[in-house]
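One chain, chain A, appears in both complexes that follow, with chain B as partner in the first and chain C in the second.
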Partner chain A sequence: MRIGVYVCHCGGNISEVVDINKVVEAAKLEGDVVLVKDNSHLCSNDGQTLMLNDIKEYKLDKVVVSACSPQFQGLTFMRVMETAGLNPYVLEMANIREQCSWAHYNFPKEATDKAIDLTKIAISKVRLDTPLDSKKMPIGKRVLVVGAGIAGIQASLDLGDAGFKVYLVEKEPSIGGHMAQLSKTFPTEDCSACILSPKMSDVPANKNIELMTYSQVESITGYLGNYEVTVNKRPTYVDPVKCTACGDCVPVCPIDVPDEYNEGLSLRKAIYITSDIAVPHSYVLDTDHCLGLFPLACSKCRDACEADAINYDLYPEKVKFTVDTIIIATGFDIFDAKKKPMFGFGKFENVYNALEMERIIGCEAEGKKLAEVGKKIALIQCVGSRDEQINREYCSRVCCMYATKLAQLMKRSDPKKDISIFYTDMRTYGKGFEEYYKRAQKSGVKYIRGRVAEIEENPDTKKLKLKVEDTLSRSFIESEFDTVVLSVGLEPNKGTETIRDILRISKSSDGFLQEAHPKFRPVDTLIEGVFLAGTVQGPKDIPDAVAQASAAAARAIRLMNQGEYEAEPITAWVDEDICAGCGICVGICPYDAITSEEQSDGTRLAVVNEILCKGCGSCSGACPTGASQQKWFDITQLRAMLEAAL
Partner chain B sequence: MKKDPKIIVFCCNWCSYAGADNAGVAKVQIKPHFRIIRTMCSSRIDPELIIEAFKKGAWGVLVLGCHPGDCHYKNGNYKTLRKVKLLKRMLAQFGIEDDRLRLDWVSSNEGEKFGKVVNKMIDDIEKLGPLDLSYAETEVE
Partner chain C sequence: MSKKIIEITDEGNAFLEKVNELSGQVVTLCDQCGTCSGCCPMAEEMDITPSQINRMVQLGQVEVLDLEAIWLCASCFTCTVRCPRGLDPSKICESLRQMTLRKAIDYMDIRDISEKEMRRLPQIAIVSAFRKFTG
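Take a look at the complex of A and B:
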């Protein structure tokens, strides 16, 4: 055995704390080690070439790299091994950066001792490493996209255009998400519906996209290249092919329900179409509110439908299909301002949240008119953002700019409107944002730095008194307004939790789904072949959501385009000589990858299906005889590591 | 001379090992007297391995997995929980203090928590001192 050990300085990240020479000297004393070198940047081209040349020159057959986390540069060094003609699984990394020099920079002496130990542990493991062959697994070109807001739409269109089969699942009757509700977009003030609706109609027009609205993902099983999906499709009771969207069913319906699309500012019927730009452009019968789907109860809409499109005899349908990769784009919910009772949302007539104001500005035909909201208007920032009291520490990123936009649009509708924005800090980080903010200031929008403490309503006039400290002039302000708009933050969509539960994707502390690496894998998850797009990963504006959606599509294509992929070979195996056939591992395996099979002599034996095995090792951790072992994490290896560590 | 404590920390690849990395990235300062052994899932940890760690001189063993419901392998952490609870009962019969074996959950973004859990473990174990198993050895002989 000829082991080569490389110790990395990481340009000072490691060497400023750890005494590299001591690590090198200690490694030299280890058995089977024939070469020890240090380098300032092992992951650089120079460092990799050094390793490649050494492996040939010194005939190394195993390598230890003492550097950063294997989760950071592990793949880089595995590729070096392959280039050098060695198996990537006879490489071990000792994590002496993240878990040593960085975590212990206050303890340089102990950190050096630890770096030596970590290197020894890696050497003791590499000695027992054997070459492992990656399994080649087939992968097709089918993708599930969950959520059809702007991110889901963008990802689906990119994938569909590239020739991949897309199943786009949306729980609402129409696609479009929150963007379909917005008046205009900042900072360009494009009409939101006008730029979105062509994209929405591109979805059903794309022959590669199978759109399922009014549907929810019920279960997903399987693995990369073979995810089996079950979708629960609610009936709309209106045949979208026959429905001409004439609207004759609407006036006859006796039921009035607050219209969700208009944030409850207007009413809709139990049979309705979400909006003028709804896709699919067909009516939906909402059975939660309908009097009943039989003629005795009502059936007025069915009688009124000349196209005979309404059919009450429909039932929820389970649709099953198989995909290779998955993109999650389930978006966000707005913060429920009732959780901040001092602002009187839902209690005081003239307090609105920002999405309601979007609808007031956006829908000219129905509901409350912009002219009716009065002349003196206040916008309160950071409602549900940057607020530790309610456990929302994060910045929602869009509120500073959407408030500026709402102020601009209101001001433009009536230049006499007196508009104040009470802010914590103005964050104008994006392209054109600062310029937009400056323009708003010039147009007369007042920006006052201070967090509003309380709102009081005058019971007679319904005017609202704000109490706030202007933290720039250090003066206390008490002023009366006709209308107050709460700039509510973004929070994870409630529906995301279902899909998160199914796929086991981790959350960040803010509750949004966690990406695999904040810098280099911002749209991947730790689940193979599952990607994130849009606000499901964290608050972001439309261009960022679109960029991320295209990125997720590209990452999915990267996996699928080859027709096959290499699965990690760290599966379980069973030593047939020791296996007692007890079957404990069969019950413990979370993937049903182990079966207990009867042998010709009547005894039983555990048999591992390597395709199904995901390499968790729980069978090996439970096997009473030690017959079940996980490759690369063999009990002898774990023991050797313990020995070296203690 | 005062001896430094020796603590073995078993980390699962997806949550707690990444959490330990996260602690480093955030420069959370942790006492250095612990050594991490990575497995793919905490459920890989054979109870025998924990006993072996004590036998080889570990003052304490800390097993860290994903939070309940977050296991990358569906439910490996629950299996770990069951094993550790049972093992604790057995260790008590050998006179090994309860505090010497600990199980906790650290997610990949909880660098701060990783630091806290490890520092607390080291502090508590320092008070207990090294594990004396000499009585067991003499009995066997």
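Take a look at the complex of A and C:
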């Protein structure tokens, strides 16, 4: 056996703390090691060439790289092994950056000792490594996109245009998401509905996209290339083909419900269409509020429908299909301002949240008019963001700019409006944002740095008195306003939790879904073939959501376009001679990859599905007899590693 | 010391508008970054700093006119060339001085100066003395 050991400086990231020479000298003393070298950037082209040449020149058959985390550059060095004609699984990496120089930067001696130990452990493991072959698995061109907001729409259109079959599932009666509710977009002030509606109508027009609205994903089983999906489709009781959207059914309906699309500022009937730009453009009968279908209590809408589009004899449908990859784009909810009672949202008449104000500005025809909200208006920032009291530590990223936009739009409707924005910090990081902020200041919008402590309502005039410290002049401001708008933050959508449970995707501490790597895999999840798009991953504005959606589509295409993929070879395997068939591993496997199968002689045996198995090692740990082992991490290797460490 | 409480009023807004009009600046553009105070050669002598002057105007505090700071501004324009928002703080100061000057109240009577003194005083000193003691 001829082992080569490489120690990387990582351009100072390692060498400024760890004494590289000591690591090199220690490695030279290990058995089977024929070559030890150090390099400033082993992952660079130069470093890779050095390794390639050494493997040939010194006839190395196994390699240890003491550098960064294998999560970071593992693939790079595996590729070097392949190019050199060696199996990529006779390579070991000792993580002397994240686990030594970065973790113990104040303790160089101890960090060096640890680096030596980790390198020795890696050498002892590589001695016992055997070549592993990855299996080629077929993969098709079908994608499930969950959520049809702007991110879901963009991902679906990209995939559909590229010739992939898309199943787009949306729980609301219309696609479009929150963007369809907005008045205008910052910083360009494009009319939100006007730029969104052509994209929305592109969806049903795309022959590769199968749109399922009023539907929810019920279950997903399987693996990359073979995800079996069940969708629960609610009946709308209105045939979208026959419905001409004439609206004759609306006046006859006796039920009034707050209109969700208008944030409850106006009323809708139990039979309704979400908005003028709704896609599919068809009415929906909301059975949660209808007087009743079973037994039929009213039937006035059916009698009024000339197109004969209404049919009450429909039942929820379960639709099953198979896809190869999945994109999650379930979006966000706005923070419920009632959780901050000092602002009196829901209690004081003239306190609105920002989405309500969007509707007031965007939808002058119905509900509250902008002219009615008075002249003196205050916007309060960071309601539901940057606040540990309510467990929202993060910045919601869009509020500074949408408040600026609302202020601009209000100012434009009436230049006499006196608008103050009470902010914590102004964050105008995006393209054109700072210029837009400056424009708002120029138009006379007052920016006052301070978080509003509380709001009092005058019971007679309904005016609102704010109390706040202006932290720039260090003086108190107490002032009366006609209207207060709360710039509420973004939080994970409640529907996301369902899909998270089904797919077992991890979430970050803020509650949004976690990407596989914050820098290099921002749209991937740790589940193979499952990607994230839009605000489901964290608060972001429209251009960022669209960019991420296209990125998710591209990442999905990258997997599917080859027609086959290499399955992870590090899986569990069961020694049939030892397995007692107890079935503990079956229950413990988080991926449902192990089944207990009855043999011809009546005994039971655990059988591993190598495609489903992600190599987590749970079964190996739980197995009472040691029959269940993980390839590349079997018990002899672990023992050798322990011995090297002690 | 009890803190003064500010109220945002129509009168205050009118004062802000007036300063904008006289100075040709938009005072709400000021970001309160402090560049002007940092580079002002007179700031150390002032009772409030130049950026505080801007803040008081933004919040419509007419009391800014009673402070000494606006009279200590030497109109050296260092702040003007350095303001990252392109504002001209010296013009803001000048407009505030003008608001007082335009009240045209004289504290110095030229007839109280003796002929001998008149002859010895440079003209510029007489002009500036009039300005300083007006309003």
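FYI, the second predicted complex is superposed on the first by the 602 of 646 C-alpha atoms of A that agree within 3 Å, B and C clash if a C-alpha of one lies under 4 Å from a C-alpha of the other, contacts with A are read in each partner's own complex, and residues count from 1 in each chain.
Convention: a contact is a pair of C-beta atoms (placed from the backbone, for glycine too) under 8 Å apart; a residue touches a chain by one contact, two chains touch by 3 or more.
Here the structure is a predicted model, which means the values were calculated and not measured.
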Combined model on chain A: chain C and chain B, fit or clash: fit
Which superposed partner A:Asp418 touches (first chain B, second chain C, both, neither): second
Touched partner set for A:Lys438, first chain B, second chain C, both or neither: second
Partner chain(s) touched by A:Asp470 [first = chain B, second = chain C, both, neither]: second
First (chain B), second (chain C), both or neither touched by A:Ile570: first
Partner chain(s) touched by A:Leu128 [first = chain B, second = chain C, both, neither]: neither
Partner chain in contact with A:Gly617 - chain B first, chain C second, else both or neither: first
Overlay on chain A, chain C to chain B nearest C-alpha distance, Å: 30
Chain A-facing residues of chain C, complex: 3-10, 13, 26, 28-29, 31-32, 52, 55-56, 58-59, 85
Parts of chain A lying in touch with chain C, wherever the complex brings them together: 376, 418, 420, 438, 441-442, 444-449, 470, 472-473, 475-480
Residues on chain B engaged by chain A in the complex (per definition of touch): 4, 6, 8, 13-15, 17-18, 20-21, 23-25, 27-33, 35-37, 39-41, 43-46, 49, 52-53, 56-58, 66, 69-76, 79-80, 83, 107-110, 115
Complex contact set, residues of chain A against chain B: 69, 71-72, 95, 97-100, 102-107, 110-111, 113-114, 117-118, 121, 501, 504, 506-509, 514, 526-527, 570, 588, 590-591, 614-618, 620-623, 626, 630, 633, 635, 638-639, 641-643, 645-646
